[in-house]
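Data first, discussion second: the structure below is written as structure tokens.
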Amino acid sequence: MLTPVRDLEQNMAARFGRVRAATCQLAEPLSTEDCCAQSMADASPVKWHLAHSTWFFETFVLERFEPNFAPFDPAFRVLFNSYYHGVGAQHPRPQRGLITRPDLASVLRYRAAVDERMQRLLARCEDAACLALIELGLQHEQQHQELVLMDIKHLLSCHPLWPMYRTVQWPQVVASPPAQPAWISHLGGLEQIGHAGEGFGFDNESPRHRVYLEPFALCSRLVTNGDYLGFMQDGGYEQPALWLAQGWDWREANTIHAPQYWRRAQGNDDALWREFTLHGAVDLALQQPVVHLSYFEADAYARWSGARLPTEAEWEAVAQAESIPFSGQFADSGVFHPAAEQGAPQLFGNVWQWTRSSYDAYPGFTPAGGAVGEYNGKFMVNQYVLRGGSCATPSDHIRASYRNFFPTTARWQFAGVRLARDL
Amino acid sequence: MLTPVRDLEQNMAARFGRVRAATCQLAEPLSTEDCCAQSMADASPVKWHLAHSTWFFETFVLERFEPNFAPFDPAFRVLFNSYYHGVGAQHPRPQRGLITRPDLASVLRYRAAVDERMQRLLARCEDAACLALIELGLQHEQQHQELVLMDIKHLLSCHPLWPMYRTVQWPQVVASPPAQPAWISHLGGLEQIGHAGEGFGFDNESPRHRVYLEPFALCSRLVTNGDYLGFMQDGGYEQPALWLAQGWDWREANTIHAPQYWRRAQGNDDALWREFTLHGAVDLALQQPVVHLSYFEADAYARWSGARLPTEAEWEAVAQAESIPFSGQFADSGVFHPAAEQGAPQLFGNVWQWTRSSYDAYPGFTPAGGAVGEYNGKFMVNQYVLRGGSCATPSDHIRASYRNFFPTTARWQFAGVRLARDL
Amino acid sequence: MLTPVRDLEQNMAARFGRVRAATCQLAEPLSTEDCCAQSMADASPVKWHLAHSTWFFETFVLERFEPNFAPFDPAFRVLFNSYYHGVGAQHPRPQRGLITRPDLASVLRYRAAVDERMQRLLARCEDAACLALIELGLQHEQQHQELVLMDIKHLLSCHPLWPMYRTVQWPQVVASPPAQPAWISHLGGLEQIGHAGEGFGFDNESPRHRVYLEPFALCSRLVTNGDYLGFMQDGGYEQPALWLAQGWDWREANTIHAPQYWRRAQGNDDALWREFTLHGAVDLALQQPVVHLSYFEADAYARWSGARLPTEAEWEAVAQAESIPFSGQFADSGVFHPAAEQGAPQLFGNVWQWTRSSYDAYPGFTPAGGAVGEYNGKFMVNQYVLRGGSCATPSDHIRASYRNFFPTTARWQFAGVRLARDL
Amino acid sequence: MLTPVRDLEQNMAARFGRVRAATCQLAEPLSTEDCCAQSMADASPVKWHLAHSTWFFETFVLERFEPNFAPFDPAFRVLFNSYYHGVGAQHPRPQRGLITRPDLASVLRYRAAVDERMQRLLARCEDAACLALIELGLQHEQQHQELVLMDIKHLLSCHPLWPMYRTVQWPQVVASPPAQPAWISHLGGLEQIGHAGEGFGFDNESPRHRVYLEPFALCSRLVTNGDYLGFMQDGGYEQPALWLAQGWDWREANTIHAPQYWRRAQGNDDALWREFTLHGAVDLALQQPVVHLSYFEADAYARWSGARLPTEAEWEAVAQAESIPFSGQFADSGVFHPAAEQGAPQLFGNVWQWTRSSYDAYPGFTPAGGAVGEYNGKFMVNQYVLRGGSCATPSDHIRASYRNFFPTTARWQFAGVRLARDL
């Protein structure tokens, strides 16, 4: 894999300012009310994301490293704690939308105050532990940037008028048709996966370790809306033999018959669909990657197509190769919807790719000490790994060893499918 | 009953302006976010109340009587319809808090625009049907004023910091102790109840009709916090023999052990309670009427005390007597919490009084024709009648024949207890 | 009303033997497994009914009046207590089907042992309180006889093969068409209702008291399957304006579109229905009374037909008239399905008739003292009264003042509709 | 691993008879009612197990290989299909307890009839595919033997009297104290796991394949009741840091504070527990393996003890070693409760051992064709692997490569813990 094009920053202070500002920019197109509402238990209000990512710096950095620390507001300690039992009580997650106070303006003042104190700290900080926590906080902030986009998309989709998040020049004109699917072969054998090198990695990407792979191939491109429509028109949602048993039950109980944000354009015509995007509802673009699938749908599609989902080790073994370019549609583009792939294999960006690997600890995994250790390890059960980042991920946040994870029924993340097969 | 002190308005236009303005005044202490959130399926956002009460005039008055009617915004027809099937589709009630758009400012513009058009209509309207619908709309608006207070109280109570709605000079100094409970006797026999006279009455108050009553007595004052604490300290919440079977099951399933907005001041001391009010949390005032009880709690308390709840006919037979003054704590006072009763029997204001009467049609009841007929009749099942109005009711909205109704488990309305007994 | 034709028994012992034996006869067509299964939380296993009705005599009669009383098995005290908190703990109702031990044979031995001890007691008992409790126990036993039929019908209906309870000569040949509907008028005024005279009555039928009625009329016959099919074919289940709001929500949530035990004969043909009965599935007989309706369906049908449901006072005012014959299809016939009415108005038997009266205490009602007082009073909320008895009711168990009651969604009792209207 | 001591059968017919008879023997101590009841959706009635395992032979063997096949009863095809969509409709799983007909005697006749036809078929069958299906059916039957014991244990535990399944000489006198825990080291490197050799293996055990292991050690003995009591007394159930996040939420929602079948002997004394077993309730035996833990409890215990759960590859790498004896408490003993381990490491029998491995497809896994392929593959999601067999497993049914699997919250299987750690 080519090294991601990043301005490798000498200056953490500048990076801090840039990442923090990006979060606020995501909130700019939204009204005060948009920022307060919570559309389901799994999602959080934008205001909560703005406050919680600030809480992280206040709690894990300032409280420890700032002389004469005093909290901005003691109540925020509980209100904006997500799930860190080590830090104390939490407000119940499904009721985050009821926290009308503090209001948005107060939360933005909270951000500004913490940012100013953080910059003062950064101006004189040389403590490696402190810098490591700040880097963790920025990576955490970028995760919440993606959550802001996921959650606001879900909220707006619940409105009967399907309001738009922001206008963009979009869909961009496609100069050439998407790449023909091809298969990238791997001969198998002992490989190494996991985080390597000097850059940042979450604890769940370590330690780098050996895995034994059988020969396999990854598809060079993502499954498209057109591909997926083929599955639907072939009755894919009606054949139990294509589904995992739990997936079939979930599908029946929730009357699932299309990806999360598809609606029929009119009547019952199976060929005419509209798709809700953050930039408005559009006619389904057949060449774009399909997005907002559950694990169960991704798995059923793969079975229908005669292939399977890759394991995360297979995916990473390919993605870390130097021949794979680091290119794709990222959040940096301001277009929060996947783009049709063209030319070279694009493993990164566009849509998270479901793998068949459950989200487990790597051999020798040790969570970080203290409350920040409640970050990744305690979620290692009944979730599946997704790889590659999406159109809602900042490009400098992703890497070949990055492990995202969701339950098998989650669909509001920007998740799609890349196929694999045995050789 | 003395005639309520009302300025009997010649001028519907002035009254229209005053009632409509009162609704907006209730929203003034609230932030944009306070007005958007919905804390439970039974409650609605304040913004929704502001819009829906406007929708009522637009849909039932302007659409019918305004020349060249055009809707302010066609989308509002669905978004702000509550439950009128005759008017068309409705947005699902539990998701009203997700309607972040239109924002509050737009809803206030909607109100202003409809108010202006209504005033133009009122300036030249002499159609009795039209005036009757406007009067209905204003009565409807006043009901939503009370709902605004109920719903915002519930929302703020869900916040861990128990924020205040508005500061008032409160609790007022009590000049004299509350009246000793006495019993107002009624000899029974044939009585008439139901709406009489020329003023407004909802369809469910008619027709006035005869009922036969056995001799009974009503308590001259409401059950107080101190009275209710006696029930609690005697183990009232732990004795199944005091409860209706459904009430006991509800209590067990929801671990109910005190009125809705009581919290222990500290530890497990049964004698020390704090009460959440719209004007902040206060130590429990023993002489004030107990409020926010379910029917099941009211019924259990009555059984414990050796008395019973009154029927609605008994209550009305007493309340309509000329000797009963029309006085009490109403929303007009700006203090949205019941006050200790002093002196003369106060059947009106302070707290709604649960009766043991299920909410049924009076003999010969006919709902109004058309969609406005979906107002009262279709709720006549599995609900119980409350009488008298509360501290959240405008004083010119209540009368002896007024019938409020709630399910037996509802507690967020300002409901308390007046005892009755057989003679 | 004519006095029900009963052999007024001098000899309680003979009556005791006859009533107790009738319960066992109902279980005879059933296998051991049929008697153990519980098909929903509201229903109980037949074995439980056999044991609980015995427990009643053991607990309320033998324990108090038998010298040197010792329980047949101390464990039965908890296992077969239904809901008497005054007697102690109860096994959770929804888990009655898990009580595989004692087995059916043991329960029958329990019955025989208690019966023998009861007969010894009866041989020498002259205590009026004891005899009153025995009479209460026999009335209670007859209620459970009807429950046995309701519950076993529900259980068998859950089996995909719709197995038969017992073969009978049925449907009987109808000699003449059913009576044309006529209206029995009542001029209104002060009437008396409630239990009168010397025979047995439950506490909830007392005291007899005055009610004031407006002029009304009752339909002379029950609503038939043919009538109800007319409602269905007119889209009765699809028009919200016909339904109470709660009823509409219940209908939507449970996709109700026909009476409980109707199934389409084939495909979607609205005219061809089969009905499951205790004597096998049959083609819908248009002249027979419709049965197994919820309150919501009964109410919607009445509204559709331009009439309404009667109040319980209206029903009783007519039923207690001497001109009303006490005749109809009762459990005595061994045919547990309603029969087409012919000739004279039949207010009794066939199907319980929903009234629009919520199940409330009569003025001056006092429950019996002690644990047997937990019989009727504690259920007086959120239920509606049914009158008249059914084809599953023993004829000597019913009378004009008898009040049955069920929640508005219950359908497994033999409930139908008799219309009323204002005059 | 030493080869399991099995009488390697030349004669499939004899084996068929023996395995089939063993299932009936398990039902012998049970009453007709015990065999019909279903205590939760995950469990099935014993009668259903008796019928379904017979249905398997009828459907997958006789229907295909018997000349002039006719079903014993066509209705059984639906009634006793578990989850094979390829075969047609199924009766809803949670309602299996309502299938009172056919009765137990009929199901036993069904068994006898199919057995007789199977023996006729076996007498002349030389078709390898047929013999393979029969072997699959017998393995399937043995799985249901274990389910019978699990399900009946759960049913009897729901009875307030904790009735006994069968008396045995038990607990056996323990001649010597249990083995001190020791650690069996493994140097890691490339290993092979999966089914090898000629004996039967389920499709999910194949193909045998290479895995790379880091150095690790397995504990030589199982976690005992005494060990687990230490965890409980140290507040293990109250410390969120010991639990996976989902596990903590499950624990809170279900108020879990001890293994499934433990009850406090009296009051709140944490040291005195009784344990429900199939042979009656007993005082907790501290030296016996702890059993009936969920994955979440097993994982929390391991974290508390400073160790971790093994992966399934680690477990199998050790278990398949020749030095590991195939000995332990199996169903063959007739004592369906784990025994204290003594002496040599016992990886087999006693209790299923939770691994940290999610139940996934092995590389190159292909399910069997046709409806029997709906056996294992479609459950490969959100479940975790258990290894080693239990006291309810027939000894000739288990092997080192055997993969059992359950959701993380399941506790009614005989599941315990063997610890592992990194070296």
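By letter and in written order, the chains are A, B, C and D; residue numbering begins at 1 in each of them.
Keep this in mind: a residue touches a chain if its C-beta (ideal position, glycine included) is under 8 Å from a C-beta of that chain, and two chains touch if they have at least 3 such contacts.
Treat the numbers as computed from the prediction; the structure is a model and nothing was measured.
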{"item": "Listed pair (A-B, A-D or C-D) duplicating the B-C contact set, over half by residue number", "value": "A-D"}
{"item": "Averaged-CA centre spacing for the pair subunit B and subunit A, given as whole angstrom", "value": "47"}
{"item": "Whole-Å separation of chain centres (CA-atom averages), subunit A against subunit D", "value": "38"}
{"item": "Rounded Å distance between subunit A and subunit C, as computed from the means of their C-alpha atoms", "value": "59"}
{"item": "Subunit D: positions in contact with at least two other chains", "value": "none"}
{"item": "Touching chain combinations (by label order)", "value": "A-B, A-D, B-C, C-D"}
{"item": "Contacting residues of subunit D [partner subunit C, same complex]", "value": "31-37, 39, 47, 75, 78-79, 91, 95, 97-101, 103-104, 155, 158-161, 163"}
{"item": "Contact footprint of subunit D on subunit A as seen in their complex", "value": "83, 85-86, 190, 209-214, 240-241, 243-247, 295-296, 299, 356-358, 360-361, 363-364, 374, 378-382, 384, 408, 422"}
